[in-house]
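Next come two complexes, and both contain chain A; in the first it sits with chain B, in the second with chain C.
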Partner chain A sequence: MLEIKDVQSFYGEALVLNGVTMNVKPGEVVALLGRNGMGKTTLIRSIMCLAQPQVRAGSIKWNGEELLGLKPHGVAQRKIALVPQGRRLFPSLTVTEHLTMIKPTSVKEGWTAEKIFDMFPRLAERRSHRGNQLSGGERQMLAVGRALMIDPEVVLMDEPSEGLAPVMVQHLETIIAELGKTGLGILLVEQNLYSALAVCDRVYVMETGRIVHEASAAEVRTDHSSLMKYLVVQ
Partner chain B sequence: MGGLNLIQLLNGLTFASLLFIVASGFTLIFGLLRIVNLAHGALYLFGGYIGYTVAGSTGNFFLGVLASMLCVALMGLLLDEGLLRFVRGFDLRQVLLTLGVAFVLNDLALVLWGGDTFSVPIPEMLRGATTIGGVFYPKYRIFVLLLGVAVFAALWLMLNRTRLGALIRAGVDDAEMVEAMGINIRRVFLATFMLGASLAGLGGVVGGAFLTLYPTADSEILVFSLAVVIIGGRGSLVGAAVGSLLVGLLNTIGQVMFPELAYFVIFGPMAAILAFRPLGLFGRAV
Partner chain C sequence: MLVDSFAKNRPAIIAIAIVLLVFGIVPMFGSNYQISIATEILIFALLAMSIDVLAGFAGRTSLGHGAIFGASTYVVVYWTSVVGGSPIVAVALGILAATLVAAVFGMLASRVSGVYFLLLTLALGMIVWGVALRWTSVSGGENGLRGVGRPEWLNDPTVFFYICLGIVLTLSAVIWRLVQSPFGLTLRGIRDSESRMSSLGYGCATHMFIAFTTTGFFAGVAGALYALFNNFVSPSTVQLSQSVEGLLMAILGGIGTLFGAFIGAAAIILLENFVSQYTARWPMVLGFMFIATMIFAPEGVLGAIRRIFRVGKKS
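Our next item is the complex of A and B:
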């Protein structure tokens, strides 16, 4: 279980997260909604302990253990995976190398490149292409596949649907729903409420560095009028 | 003034080969760690002196090469873990630190080996000359040429066919993401730094046998390596190879045809390339 409590994060002297508290239970798909610039990516980066932002207060616990102070690879080794905003694939690596750099091909436990290719046949066809030769949808699939290679217990997905065609967004929703059913916890950052509702169990809404609303997906499905003022009108 | 003859062309190529050995280490470190290691020339010189001492006392050139590569790799380890770790993330401080280390190492070399000119003894079987393309040419220089090709092939295979190579290339692209994928990028950085340093050591011994070793040899090779990496593009192995060939040949052309403009013949084209391709021929923005 991922427990985030009263987290304050800074870029330099700029306070961007001002006391964020939320949690993701095992196997739960949780959506984090909010408009541009509200601090969603900052929260994801704080959880991964990346060099920026600087977390100056609060705690981020994973199964009871404090993550703050770890290096990002330490966070990932505790089975917290990242699908970053903008994919951030490696232009000079082939599709296969994106997967095998994380886990040698000799390891057969958990996710392997072949299992990822079974799940995303489109990637299998392009296995020797480089990261920058893929379409937007293929890039996102690879970003998800790459994250799975660490055999995560929770995946942080930062706006995976950004810039995708509607049919790809639907495909992605199917995949997220399927992964959720396998018992994988997912923290899904989204701007689109309906896309999030299609897959998630619970919803948090972030507004200028704070969580301003929390609800179960069921509640939001019956009445989301109270949320709409925080979200972009689609 | 006159055209290049075959011997001069071969001289240019062997110099290019040596440059490649030294500059490939330089570009690996620059590309992955984003450190312009101005101590690279000093590591070359130190490697040369160590090779000279070991090869001289054991009578075995290849033992000299091995000792030099190991010692210089160790110096790389000390430089990275002992000093550079304190200025990580501060580009300018890193560069200044390596410059300081270059001065210290140069002085240390002066204390240990003095200011004389040395030449690493060449192994028996590489002495003398042989005919190539109808001209008489030193065997040792042909060995240097082949060694450069072998180093290129080995590095290419390492970078493109091994997992460590994939990690290095991914790190050149986006080190933060490699780290976020559960890989301790510091270890990859350190391995690369030691590998790059050991290549400077290799270059020192190999170059010390035909260019000789003297107290300013470090800054000379450093300037050439910088030119190679600027022309070829940071972090690119192919760029380093092409850059070495260009600089090696231009250097020979300059010396043969325009002796009074020898440096301009190298740095003029370098400036021209930079004007049109600021990232070098094979460089990529990050």
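Our next item is the complex of A and C:
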């Protein structure tokens, strides 16, 4: 289980996360909602121990082990995968190279390039295209596929539906729901409430660096008026 | 399976076949002087390829590979002339020494990138040059060291040329496999974005250390061959200009193309050897050629050829 407790993160002297506490259990899809600039991506970066922001208080534990102080590759080696905002592919690598770089074709355990191609047939058709030759939807599929290649136990997805066509968002929702059923924990950072509700089990809402609301997805689906004050720009 | 493997390695197979064809016939028609020029081109092409792996695939421009190359040359000449040891052992020790120097360089330089990597490798290369210049009891100082010549069975320039051709082509194939392997892909990933690679679980510093040490091995082989070829070593063999020349060869041929190193090495060595017969200002000619390449073919000669072929295919 991923447990985040009283985390305070700073960019320079600016406090961005102010005592964030939340958790993601195995096989659970947890949505983290909030408007722009509320600290969602900062939390993802804090979990991955990226150079910025600086976490000065609190703890981030994975199956009881403290992650703070590790290098980002140390976090990834503990089976925590990141699907970054904006996909962030490698422009010079082809679709196949993105996947086989992480796990050669000779390895048949866990996620393989062929399994990723089965999940995203569109990528199979584009296997020799470079990262910068793909459409937004294809890039997102590849970003998800690349993250899966490390055989993660939890995936952090930072606004995966951003900039995608509605049909592609629907496809992505199906994939996230299927991944959740395989026992994978997913922390889904979203601005789109409806997209998040389509797949998640639990919802956290973040405002100005704090978790201000927590509810089960079932509760929110019945009545989400209480959430709207945090998500709608007044 | 065989067809797949051929398709994947087709660029390398074609390039190696062309090099074999072009260089293979030199001894049939060329004089001993021309054979020695061709040998020198092969040796420096290997140095340029080792630099290209870092500059073209990992995005790290090294100015220290000349010193690694020269360290191997020093060890080979020292072992054969001062210690009086066997040339085979000397070559092995030279390559080992170069790999160790590269490992030390790599340990320090693998944590930095961009201009810092450039400056750090430059500084490390300068240290090697300083040692070669000042440690006169071992290196011979400015006078350098003269070797005892190649063993008898290697004395014939044609035999030595074919041995160099065999070694360089074999190592070219090895380097090609290296850059096409998952390890090579991670180097390209690091070049594109270190933080992204880190988020995927890669310790970028470790990968860069391995890459630096491995390329140091290839530069070391080139340096050992150069010792047998030139039979003399002095601080000029380890100085900055050696690294710069190797880098220019890689850039001129096409950075990130690997086999462009043969074109770059040929262009520069032929200019040095033939144009210098007509004018003492041959470096100026080299400079103009370099400027023209950067303006008309910034991706290098092989890069430009590839672009033309791609355009031809599309149309």
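Assume the second predicted complex is superposed on the first by the 231 of 234 C-alpha atoms of A that agree within 3 Å, B and C clash if a C-alpha of one lies under 4 Å from a C-alpha of the other, contacts with A are read in each partner's own complex, and residues count from 1 in each chain.
Methods note: a contact is a pair of C-beta atoms (placed from the backbone, for glycine too) under 8 Å apart; a residue touches a chain by one contact, two chains touch by 3 or more.
This structure is a prediction, so every number in the text was calculated from the model and none was measured.
Superposition model on chain A: chain B and chain C are shown in a clashing arrangement.
With both structures placed on the common chain, the touch criterion links A:121 to neither chain B nor chain C. Applying the stated contact rule after C-alpha superposition, one finds that A:92 touches each of chain B and chain C. Once the two complexes are overlaid on the shared chain, A:166 sits clear of chain B and of chain C alike. By the touch criterion defined above, A:69 lies against neither chain B nor chain C after alignment on the C-alpha atoms of chain A.
When the two complexes are overlaid on their common chain A, residue A:12 makes contact with neither chain B nor chain C.
The intersection of chain A residues touching chain B with those touching chain C, taken from the two complexes, comprises 48, 50-51, 71-73, 75-77, 82, 84, 88, 90-93, 97, 100-102, 104, 146-147, 150.
Within the complex formed with chain A, the chain B residues making contact are 89, 163, 166-167, 169-170, 172-174, 176-185, 284. Here chain C touches chain A in the complex through residues 182, 185-186, 188-189, 191-193, 195-204, going by the rule given at the top. Touching chain B in their complex are the following residues of chain A: 48, 50-51, 71-73, 75-77, 82, 84, 88, 90-93, 97, 100-102, 104, 146-147, 149-150. Partner chain C is touched in their complex by these residues of chain A: 48, 50-51, 71-73, 75-77, 81-82, 84, 88, 90-93, 97, 100-104, 146-147, 150.
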